[in-house]
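Read from first to last, the chains carry the letters A, B, C, D, E, F and G; within each, the first residue is number 1.
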Amino acid sequence: MLEAVLVGFIFAILLVFVGRWFRGPIAVVSALIPIGLFVYFLWHIGGISAGDVIYESYRWIPSFGVNLSFKLDGLSLLFSLMITGVGSLVFLYTAAYLKGHKYLDRFYGYLSLFMAAMLGLVLSDNLISMFVFWELTSISSFFLIGFNNDSKASRQSALVALGITGLGGLLLLGGALLLGFISGTYEISEMLTQSDVITQHPYYALAAILMFGAAFTKSAQFPFHFWLPGAMKAPTPVSTYLHSATMVKAGVYLLFRFSPVLGQTELWHTTLISIGAITMLYSAIHIIFRTDLKGILAYSTISALGILVFLIGIGTEAALIAASVFIVVHALYKASLFLITGIIDHETGTRDITKLTGLRKVLLPVAIAGFIAALISGGVPPSIGFVGKDLIYEATLHSNNAVLLTVLAIATNALLFYGGFVAGVKPFMGQLPKKFEKIHLPSPLMWLPPLIMVTAGIIFGIAPGLVETTFAQPIVNVMFTSAEDVHLKLWHGFNLVLGLSALTLAVGTILYFLLKPTHQKETFISQFNFIAPKDLTLKLSDGFEWFGHIWTGYFQNGYLRHYLSIVVGFIILLLGYLLLFDFDLDIDYASLARITVYEIAIVLMMVIAIIFTVFTKSRLAAVAAMGVVGFAFSLFFLFYSAPDLAMTQFSVDTLTVILFVLVLYKLPTYLKLTNDKIRIKHGILSLSLGGLITILILKVLNEPKNTEITDFYAENAYKLAHGKNIVNVILVDFRGIDTMIEISVLVVAALGVFGLLKLRLKTKDKK
Amino acid sequence: MKTQFLSNILLMLIWVFLTGSYTFENFSFGFILSFLILWIISRKTDQNKYYKILPRIIGFFFFFLWEMIKANIQVAIEVITPTHNMKPGIVSVPLDAKTDVEITFLANLITLTPGTLSLDVSTDRKVLYVHSMYVHNKQEFIDDIKNGFEKRLLAILR
Amino acid sequence: MKTIILKTASNYLLPVLLLFSVFILLRGHYLPGGGFVGGLVAAIAFVLDAFANGLQNTKQVLKIHPGFFMPVGLAIAFLSAISPILFADLPLMTGLWAHEPVPVLGKIGSALFFDTGVYLVVIGAALTIIFTISESA
Amino acid sequence: MTLNDYLYYVILPLLSLAEILVFIRFIKGPSIIDRVVALDLLITIGIGIIAIYSIINNQPTFLDIAMILALIAFLSTVAFSYYLEKRNKND
Amino acid sequence: MTDVLIYIFATLGTLFALLAAIGIIRMPDTYLRISVNTKAATLGVGLLLGAAAVYFYDFSVTTRVQAIVIFILLTAPVGAHLIGRTSYFLGNKLWDGSVIDDLKDRYNKSTHELKSDPEQVEENNSKQDSKTDRNA
Amino acid sequence: MTNHVIILPLIVNLLFSIILMFFWRNINFQKLFSVIGNAIGLGVAIYVFTHVYQNGTQVVEAGNWEAPFGIVFVGDMLAATLVLLTAISGLAVSIFSSISVINARLRFGYFSVFQFLLLGLNGAFLTGDIFNLYVWFEIIIISSFVLISIGGEKNQLEGAVKYFALNFFASMIFLTALGVLYGLAGTLNMADLAGKVQSIENRTLVDVCAVLFLVGFGIKSAIFPLYFWLPASYHTPPSAVSAIFAGLLTKVGVYALIRVFSMIFEIDVFLQNLLIGLGILTIFSGGIGALTHTNIRKVFSYLIICHIGFMIGGLGLFTKVALTGVVFYLIHDIIVKTNLFLIAGVIYRIKATTNMNKIGGLYANYPKLSLLMAIPLFSLVGVPPLSGFWPKLSLILASFSEAQYWYFGALIFGSFITLFIIARLWSKAFWKDQPEFKRERKFIYFYELRPFQKLQFIMPIMLLTFVSLYIGFGANHIQELSVRIAEEITNKDLYIKAVLNP
Amino acid sequence: MELLLAIITGLLYAAGIYMIMRRSIVKLILGIVLLGNGVNLLIFLLGRITKGEPPIISDSDKILEGIFADPIPQALILTAIVISFGLQSFAIILVKRAYKVLKTDDLDQLNTTDEDS
């Protein structure tokens, strides 16, 4: 299976280098990859439906417990077949749809990247590697939505989509790690065995919520759904492939996969049922107000995803069977409808449903495909859609809240019926406008794929056993340890479910004839955009950005003194907290306060000179006062047994004064003064810090001191290092490295001064 | 050549004084070191006579010491007493001293003597401007300097 | 500054200060002093000369650009730091000492070379800084 | 009173007093020249203090610091003069 | 005997240092302050250093003291000269009681050349105002 | 036979900085020797790394003075790894500098100062003495001052003034901390301090000292609320300079924090809350700073801050898992951040601006280059399996195990905002059409360069990208390395034993 | 004396920080110098001060015994002084150059790099 996953990646990487060859007609060859993979997975159907599970594992990052482990069971097989099957058709379709496009190679590159990632996602048995693929699908989706990157709307949508799915991805990461943390493994099959441990763990709710977040964003559940209609800016093959058939189902897949691990709890059922229900109905209603074919399909996709989540939420065996069948149903008809829309768009140049009529006259095979797709979508027998719908009602009827849930399901299905017919039938009915008369049927590469898919929909409907054995049963086996046998039938006889189906068809038909898509409706609904999740989210994000400007503007306002006062304030806060919190200044003042006359003189001079430096209005006087401070320092060092320091301090001070003096006369006198308020504020800040430093010193002086090192130097400076001035011995021997670097500092400073003053750049060319 | 040699010896002596080690090696080292330094900083300088000056220097030293003590007392009284009795002013003193060294020595000695301060030498080196605390009579003041310091100094330096 | 008094005085002060700076350098291991202060004093000597005689004159006296002292000094310090590795298989910066005391300098070792490097670097750096400023002032 | 006591209790305080007086001039100014002169005098008297201090502590090494002070204190004065003259000339 | 010498040197030295300090406080103009401090302090410090030389009575200390005294004797007057003339450039006024000012109008204000007699002075100097430290 | 291996990087750096100074004005020589020096440096660093990897912690006692009396150099796994990363970034930036930095700047000792900078970094990583660390820090900051201001025009100088003031202040705080530490413990050797600080009774003072170190290093590593100098200055110097700054300068602060808080101070509840709180605020502040800017280099600058927060928070957790994450993140971040600023440099060379509103069409005009650039960009985001992804696993896990939900939230926030910002950058600079374009006069555009010159621009990016890819795809090695380092960090006895009882 | 010196150290910190926060670049530099001195004094004080006993072995002795000042803080401060000298000279020049290019010594005018551009 690793090869199956890798082949797409390898192809994508190859295309970077040999892409030129794949811009022409030869591009269609790319389709061999999904077709080959499709065959590969078909090959496994037999074994899987017989109950086999194929498992492979490669060590990847064992230190993280991350393995490339793949598991092919009923669930992953279904998805793999969908991915490669729809993929094959989309690859073929693309060759015609984007014929001659100058970036066709890139498009195939992204598609293969996506396909590989998606395969990896559904096949992974390791949660972390699954996450890796999950993120890659988001990224490839980003690139595909933004494929027409000269359009601002495309870029915007790509960004929104990536934003939402990316956020979801991070939640998944959190969830995955948390599950790993709880269960001690990232292997999903091992987690299965610990379902009880997980659901009873205190972190369960957090883990579940994180997983929900991931699934809901990826599968466009309310209120995160809005990225999906935006994603329709992508070329139609992308909408078909990613945004209806496969990627958006990743969330559903996740929920499916984890319902044995996390399911069977109140939280699980309640959340999924309510979010699913809201989503399916909310977006089904939205269908009515759309005129763009892709918009209609997008909302109906969201609605369908809602149904899936809803079913998983119900969580009974019936519900899961319904869900697994509905996944297939949806893939077949929705992908077809998208491809059909693509053809219409490609040929007529518009997707506005109000302008499209009578196209059957020029696009007959397409019309046939559209019609069948609508049937499947509407659940009209003998299509597989009918089977799917029956199963849904079966599931709702046997749930806890049977009436409510069934009513919701009927309403949704009726609206989906309407949507399917509007998209699949309406453009082909009625009069053909003059401007469309010259349209020719496009290459079979474009109209065959939808036709193939709807045909499959009919075949599955007529022989539901195919569905039953190939995936419904295997999936149920995956979900339930003691699963009952699944029996799918087109005809159950006259019962309540049949009645509900009939009701749905009837309501749907009425809706179709009653409601006409108009621009007025679209304008009407757009009035409510301001309370729609999309606008709210964008407003929130704008608000956040506004807040960001405020925050950044406050902290990073450009004034050095502001920065310093924050830093100083921060230090005061910390030191103050530590030093004053338990205020015990039991300091031996007596021993610290002994003083002599000449010391008083120095201290007095120092203090006044410091204050003078700060407050004098003459810069020269300030420099001279610093000279006094330096001199007082030297004397002080001398009194306290540091002759080397005294010498150095004095020489350095003299040089510094010279430097000041040399530079000062090019600089202006002090003129600008900050206002008193700020000065007082800064005064308080600086004095507080100074005060804290004083307290700190006194406290430290109260502590005993360790003199081990000092004693060693006193003992060995002459004996071992042959010097008597211990300070110098430290500088050139004991700690000679310090000195080595210290002189390097001087060298660099001198180089810097030299460069700073001598280098004059003349041209703009400076980076 | 002679000047340099003398400077060299002088520097060597300073070295020996500084180090306080009066060994042959230290003398030689001091000589070599001074030679190197002089070589490094060599610049065309006026030639000076360094010989036959010792007796005059000693004489001059005592003269200067006397002047210094005398004037210091005068200044001390001025400083300590509450009233100011001085008559300060800046006087231009014509110079006989010609070379840089002569002028510099003279100016410095005048400055070191209390009550007087050499402010500057005119650009054409003809006049030394001296600030003094007591200028009772300008000509007398000038003569004092010329007959006292300048004469004795030039005797040593020339 | 155009004053012959300062000029003349500085002509005498320059060698004296330089001599003094070497004195400070050499005695550092035994008494207060060392390469750093020594270097500063030497630098100050040249700065004084520059004040009195003008920068160009001082540069002529120095003959080489003061900046050149820096790599030379650094190289000397560097060599004395790594010579134990190269010659004695001892760790970086280990003091190597001649067995017999040398006249004047006393016991001679790599520490002295190191300090000499410091001395040169300090002269070079201080002069580079100050001369550059004077030139651009 | 021993010599040390004399130096410690009479001489040093007096020299300190001298320093304080000079420092008062430093603060008063009024001209920058007065401050430079005061700074110079501070250092000169400081050399004296060091001399006495080295006697009290019996540490001849301290005289070396006096030497440094004597040698380079002068340079600040030169620098200030240089600055003031140059600035004045350029105006 | 040495102690007596030290007492004398130290006391005299301190008195001269004090003299310089009082002088710099009391003297009415900058030039007088410079004048007083240069010598009194030099003498005072020389004496104090002398006390140290006597105390240690060691050749190396004595030579060091000599060196310091020579340095001071060399640098103090040069410094006084520099700062004094600068003071004049800056236009620091002589004390009111001053009797004579031969320097008046002899500096060329732009080149700082100093003339030796009054005739050489250009007349344009007169209109320039005196300047004090503008930062003050 | 004494083992000198771990100080070889220092010797190479110093040797070449001296050589380069001797050949002051010969630019071609300097370019060549700088690259040669850095190549040798890389070789030596690899040698050091493998040596330490195989033989464990290495100690060199400078001056042959037994610890704690002299200065020791300690090459543990953390130090060796950082030395290696420094060498890699150094080589890349050195090549990049030789083409992107104009000759006028090179003529003023650029390469020599650059070597000094690397010297400082290597020294800081290798030293086992806290005061010596200060000295290395100083050579780093003085070199960075010079590099950030040299040839400075208006905004470069503005940036430099702020950079200087705040970094100088940081040094002062660092020194203050050192003074307090010495006053309390009487020693400077870190291994020795580990024991002596523990026996100090007054824990408040120890905490004060720790806080001072935190502030001192915090300014340098740009944590909230101490980072202001970074966005004010990092975008102003030549890209090569920003690149080495971005990659290594803030990280050396993080390194120092790790070292100090693992060796000398114990992270108590107070410090833990402080570090985690600051980490969260740093992530937040950096993230929204990046969100609100449009100059690419500035955006990257804020992202540096944001990601420093990840590491600071992880350090606060101080579990083995968290530290594994911190170390892994550090490794990843050094390479990627260096690369990003090089990329910004190339973008500047292509478009003469780095404002993303004013540029576009990069993908259309330079598709392969764009894809090359995409790798580090998305590595930064942490798109799996690229390098930025893996360390987050450990960090998040640690946040769960320590029940630090706010930190977890901040990690998610930071990752998300990085994703969004990079995607937006991609959308604006790479996808969008070039807005109206006015050709700068006297500016040599990328397309006008000779092929070899282009290669000099691209090569370093390729080198670093390759390393990033290795970190991502060979994450197992890096993870094992990080685990080993985290082990060494949490078990300081190993270090102490190596230093004090050789 | 320690008490007084501790207060002076605090004062130096306060003065240095206050000066760095002024608008004039020259004051910034003065502040840096003051702060540097404050830090040196802090290290010196915390290394414990000893009067009149420099850490120098006398001519006749081979080891230093009895009371003597701790040489380590002195060596550290010496290093710090030298480094500060390098940094300060660089800062002085930086300021000069900044003034020349930016035509202002007002730090408040130096805020364009924090604007987005």
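Just so we're on the same page, a residue touches a chain if its C-beta (ideal position, glycine included) is under 8 Å from a C-beta of that chain, and two chains touch if they have at least 3 such contacts.
Here is each chain with its UniProt name: A = Multisubunit sodium/proton antiporter, MrpA subunit; B = Multicomponent Na+:H+ antiporter subunit E; C = Multisubunit sodium/proton antiporter, MrpB subunit; D = Multisubunit sodium/proton antiporter, MrpF subunit; E = Multisubunit sodium/proton antiporter, MrpG subunit; F = Multisubunit sodium/proton antiporter, MrpD subunit; G = Multisubunit sodium/proton antiporter, MrpC subunit.
Everything numeric here is computed off the predicted structure, so don't read it as measured data.
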item: Steps needed, at minimum, to go from chain B to chain D via contacts; value: 2
item: Centroid-based (C-alpha) most distant chain relative to chain A; value: B
item: Comparison of C-D and C-G by number of C-beta pairs in contact, larger one; value: C-D
item: Central subunit by CA centre of mass proxy; value: F
item: Distance from the mean Cα position of chain G to that of chain D, given in whole angstrom; value: 22
item: Rounded Å distance, chain F centre to chain G centre (Cα mean); value: 27
item: Euclidean distance of C-alpha centroids - chain A vs chain C, Å; value: 62
item: Approximate Å spacing (C-alpha centroids) for the pair chain C, chain E; value: 31
item: Residue list for chain D, restricted to those that touch at least two other chains; value: 15, 17, 19, 29, 32, 36, 53, 61, 64-65, 67-68, 71-75, 78-82, 84-86
item: Two or more partner chains touched - positions in chain A; value: 556, 558, 560, 564, 596, 618-621, 639, 643-644, 646-648, 651-652, 654-655, 658-659, 662-666, 670, 693, 700-701, 705, 707, 709-710, 713, 724-725, 727, 731, 733, 735-739, 742-754, 756-758
item: Sequence positions of chain C contacting 2 or more other chains; value: 1-3, 5-6, 9, 16, 20, 24, 30-33, 36-37, 41, 44, 47, 67, 70-71, 74, 78, 92-93, 95, 125, 129, 132-133, 137
item: Contacting residues of chain G [partner chain C, same complex]; value: 54, 56, 78, 82, 86, 89, 93, 96
item: Residue ranges of chain E touching chain C (in the complex, touch as defined); value: 71, 74-75, 78, 81-82, 85, 112-113
item: Footprint of chain E on chain C - complex, ascending; value: 1-3, 5-6, 9, 12-13, 16
item: Touching residues (chain side chain C, partner chain F) in the complex; value: 67, 70-71, 74-75, 78, 82, 84-85, 89-95
item: Chain F to chain G touching residues, read off their complex; value: 131, 135, 138, 141-142, 145-146, 149, 152-155, 157-162, 164-165, 168-169, 171-172, 175-176, 178-180, 182-183, 188, 231-233, 235-236, 292-295, 298, 355
